[in-house]
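One chain, subunit A, appears in both complexes that follow, with subunit B as partner in the first and subunit C in the second.
Showing the complex of A and B:
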């Protein structure tokens, strides 16, 4: 840690300390005084080397290692994700966007360090992702790593982060295991888990489609698919639906005809497509060729960023599902907590990327990077265990979804879950206006009970 | 014989050169932006490639299914270590290697009845079968698409003490020692009578059979050895990363090792290491070049075409050929002064 920065830290904290003491002297606000004293005591401490700390912040910069799908089955989502990181890092370094709405953030880097980044291609596969992350940690001394859009890859990265003691923020990852049995002290996830998606979706499905439905599932054969299938099965059966069958397909399948033939003949009237990325597009287009949508209603519990673009609005019309975030929240009067900040994000994104609309993967990248920066500023240090404490403290940060926080016990963000329905092409106001928001389930209603998915966080040192 | 351009007279020199290179590599590599972990990864692929080279470069059998053995070795080793059934890293590696060799023997027995393109297609099919097995029926043990995380860092009991390999550099040298042993063994094989028979099979299988060699038996033996090399490399990958990825079994992996062997130079043993080095280094360097991003695969593909067109025998082959040419010139020049030594007919452009 450089001395100049250390001086800044203690200067700020001395002030807060004095404020705190004054408050304590008045005797009215012991509760606000106490944390200030703790903070002041903390900053005078020097921390031992751990992971890439302090090597990663010994200069004027702090490096963020971004792992994303530049190529591979989920590359469209991966590209959007990268845009979100780029915009967040730009705002953190130069100010602007939601950075100006977070009191701790200066817009001049994080704790005085300018943020730099590198991007590694995961190819939607664990091995290249782990390879890229290892490179960032070992060679570039990345102080934080983040990204990817496949839960299998995210879990591999989470475990790497835990072993290397470098913070990791998951990109798109919907598996229950990410913050369940595979949860890590060094891993954080903001996207709703499969359980949250299913729980948010079920009441709306009951209302709109009734309680006597027969569902058949197409499931990608890995942690995301299987856990989302289990959660959807659980919640739809609670509203009276029957699960007819489910079919597991490997990631990157190009020909879904054998699965779709079985689905077409399953006797179900609801087709729940859990596929993601390019696979979601391929399977849905082929399902249309099989005439499945003539007899079946489609549900996509977690709709990939670019699925509607791939399959077209005609097919997406009337489809129910959830997304981590949807740009339609921006300025939407029905969701006052999220509307204003989402609008700022949307406008800045459109400006930065020449009119390209942000999708939810970009939102994850943007919000989480700011959340990390805020936690570092609040901790007053990059030392990972202190940043983790700041993130686990229940402090709410007000970004695109309104005030949200991570749950200390499993590092799942408690946040609202937007439930969407595909618009008819005639109802679309512009070419990106694919959905109407039919519900926004509050985070505390959607999250699974603690311990349900077997999370036991390991230690931080 | 072309393959032994810098051959017989300098037996130990080649080993010495490889040993010196292995020792110096992690210290020299950072000059061009490399680092210890990437060096380790390159050695693992190089070791995998030695097996590929033995069957392809020396015996002329093109297998598209080597990932099956890479994955088998990797997952057996990873399973034993991650479940805590074995704590001795070398023991787990040995188990993985033996498992891979056994699979190699069985698949070899079934595939080697065919030759040429039919053999290649059969190995491709078996590779896919193994990928499927790993992903679905065996997912309980392999973790399916999730792979097997949580492998501990290497622990090697030596009797009097127990070595704990912790740092990246120590891990590199651990892999380097195994690579050297693997290289040394492979070199002994290709320089043995068996190696001579393998080359005879490469050049003319019918003739090799006609002079009385049991061609299928030799082919099976070398195929099994190659599977063992793939197995130990797979095991090392899991140990090195602390995580055994399912993509070790994928067709891409089989394809990549062929590409690396061809770029580096088949029939040289060290070629795959050179190919792996170039491929892995460029892979990382290109991704970080501004504006390249997702196009790195395209650029590597073009480079592959250029290299194959320019160097028919790969980079290593190209280098040894030019050294050989140089030597011939020097020797012929010397011959004018002294009495003409017998220039061996081995060296040909």
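Showing the complex of A and C:
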């Protein structure tokens, strides 16, 4: 706690440097920007002001700024995401859940600070998201920001986080660019990237569907869609498939009929639907009406949280895809590393939200918030560069997926990728039992080689 | 050249256009006849879809769902008109935009609070299931039926507005309310009737469109924008213009998709921009009608 108290003495504006703190000399050095200040600061266990540190923790609380899609095409996923954050913050403040399984976490806040939060609506667009996050940083001195379910928004928030020197944890974001060419020192992502999804999926597709298939793609027209298309194309062509064509559609399209006619006419026998959220529901529903599934097998490389609810189990039956996490892992003997902790999360979530099942977006929120808290505790300070070091150190945390860690070079979490297949309605044990788990590709097998997507992390100060 | 695909897209453009014309019709009525810029139009579409969804859950009757979709929006329309809209008929368009935009936010959030943000599963009515093989393509039955439903609805509303005594009073009341008042007819009732009619058509088309699109609280937003595009292309206040505008918009989207699917939406707005530059009143609009 010394570290905070030392820094607290200077009630600092984000952009002004230290004044009259424990060591005025350190402040002077900071103003001149010499790297030596970090060392100097560290040795005296007191850190210079940076981002919202220490202003954000000057009281008894630490504020988390949550950005989510409360409206817009991805809002169902956004709702689930928010539930995950709420449960994580509750457990961190009051104990319970997986907090009791992480030795560093006390259940009495983080470093003694009670966590508070605010939620901002991104409307699935970068501008409102950046506006809300900026307000959280400027006005509320948020010590950490997190969230959203669109890669385009997540990347905008990552850039903001880097500029403002406030840590950011991505919600749902599948684009290769998130931890590729747009990677940031202040941004962390736990969801498998497009590359990881495709690499995990391909061997199972080869085994189940053979190696002489012709695929046509429906692609949302932004970084998530285009990078997932490229990765799927790469890995399915490696197993012998032909890519017949792909069609880009804007996010929020309501009627896909003209695209679907092209798809029906393409001569393909596999329909790879990359659409997400409500767009995935609309396009799939309409594809069924066009009779596309009579001649084509559907693959959804990254299945949105509520897609099965929107299109119905009949259509999802036999569909292959991946999800960041699926509640069927809970208590599943085939996955002993993840089963017990997933069960704890599942049970607590069901209790907290009156029997509503968690989806993978809630899992991302829950696990990452605990991972951040653990890193802060291990660093012994909220000072962002120290927390980043704790996260980059390769320390594994054992939550819903078994022991996992972020890769220091690009901040992609190395974690297993669950591969799923839609169950027939007759095989479902309850109304949320949409999938069977047909594979769990280990993280180290799925991750792209370092540097493949052009990540160069900028500095932390 | 794949003639099958071109023929298929031409037909699809017509189907798409008839849905667009239907959802734009309610806007044409309030926009064209009342001169009211109604940004809550998309919300009536959404409320209709949800009312239909709930009705279908309990009754499994698509007919009742359509009826309830229209009736619930009728009630919502009356409340909204009496409480808010009637005060804004004579206010400048920017005031109308602000108040109806605000109304839309409130109603969308109420629906979200009740149903949540996730997409609701609205099944296809049994008579709409399946697809027909037309030789050059397999086309969903329901979309073919929607062309017919849209045509009948458009014709019925045209007859009411332009061929009946009631329609005559409505149009006269809007053209010169003073004279109509002197003749002993209550114009405020006329305005209410027109507003509610526009809302009901939106609610009706919400249920008709629900088995095709994703039913979620934000579904009205894109409908609103497309409706404005259709009305601008076809011409403000022109009944036939909104039908033609709908079909033109549908065909632009479909035909562009054959060669450049990523430009389909862009072409639609390009067409709208061209109309605004070359013929600001729209293809069938009359100058100074508003």
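The criterion applied here is as follows: the second predicted complex is superposed on the first by the 417 of 461 C-alpha atoms of A that agree within 3 Å, B and C clash if a C-alpha of one lies under 4 Å from a C-alpha of the other, contacts with A are read in each partner's own complex, and residues count from 1 in each chain.
What we mean here is this: a contact is a pair of C-beta atoms (placed from the backbone, for glycine too) under 8 Å apart; a residue touches a chain by one contact, two chains touch by 3 or more.
What you see is a predicted model; the values in this text were computed from it and never measured.
Colleague: After lining both complexes up on subunit A, report clash or fit for subunit B versus subunit C.
Modeller: clash
Colleague: For A:248, using the defined touch cut-off, is the partner it touches subunit B, subunit C, both, or neither? Pick first, second, both or neither.
Modeller: Both partners, subunit B and subunit C.
Colleague: Using the touch definition from the top, say if A:155 reaches subunit B (first), subunit C (second), both or neither.
Modeller: In the superposed model, A:155 contacts subunit B only, not subunit C.
Colleague: Identify the partner contact of A:100: answer first if only subunit B is touched, second if only subunit C is, both if each is, neither if none is.
Modeller: neither
Colleague: Examine A:58 and indicate which partner it touches, taking first as subunit B and second as subunit C; both and neither are also allowed.
Modeller: Touch status of A:58: no partner.
Colleague: Thinking of the overlay built on chain A, is A:306 touched by subunit B (first), by subunit C (second), by both, or by neither?
Modeller: A:306: touches subunit C, not subunit B.
Colleague: Could you say whether A:223 touches subunit B, subunit C, both of them, or neither, answering first, second, both or neither?
Modeller: The first partner, subunit B, only.
Colleague: Could you say whether A:461 touches subunit B, subunit C, both of them, or neither, answering first, second, both or neither?
Modeller: neither
Colleague: Look at A:118 in the shared chain and tell me whether it touches subunit B only, subunit C only, both, or neither; answer first, second, both or neither.
Modeller: A:118 contacts subunit B only, not subunit C.
Colleague: Quick check on the superposed pair: does A:46 touch subunit B, subunit C, both, or neither? Answer first, second, both or neither.
Modeller: In the superposed model, A:46 contacts neither subunit B nor subunit C.
Colleague: Between 27-35, 117-125, 135-143 or 225-233, which subunit B stretch has C-alpha clashes with subunit C?
Modeller: 117-125
Colleague: Considering each complex separately, which residues of subunit A are in contact with subunit B in the first and with subunit C in the second?
Modeller: Dual-contact residues (subunit A): 70-71, 75, 79, 221, 248, 250.
Colleague: In the complex of these two chains, what residues of subunit B are touching subunit A?
Modeller: Residue list for subunit B touching subunit A: 33, 35-38, 41, 135-136, 144-147, 149-150, 168, 241-243, 245-248, 250, 284, 287-288, 293-294, 296-297.
Colleague: Contact residues on subunit A for subunit B in the complex?
Modeller: Per the touch definition, subunit A meets subunit B at residues 70-71, 75, 79, 118-121, 125-128, 130-132, 134-135, 138-139, 152, 155-156, 159-160, 163, 182, 221-223, 248, 250-251.
Colleague: In their shared complex, at which residues does subunit C touch subunit A?
Modeller: 2, 4-5, 8-9, 12-13, 15-16, 19, 108, 112, 116-121, 123-124, 130-131, 137-140, 142-143, 212-214, 216-219, 221-223, 253-254, 257-258, 261-262, 264-265
Colleague: Residue numbers of subunit A touching subunit C in their complex, please.
Modeller: It is residues 70-73, 75-76, 78-79, 221, 247-250, 252-255, 257-259, 261-262, 264-265, 278-279, 281-282, 285-286, 289-291, 306, 309-312 of subunit A that touch subunit C.
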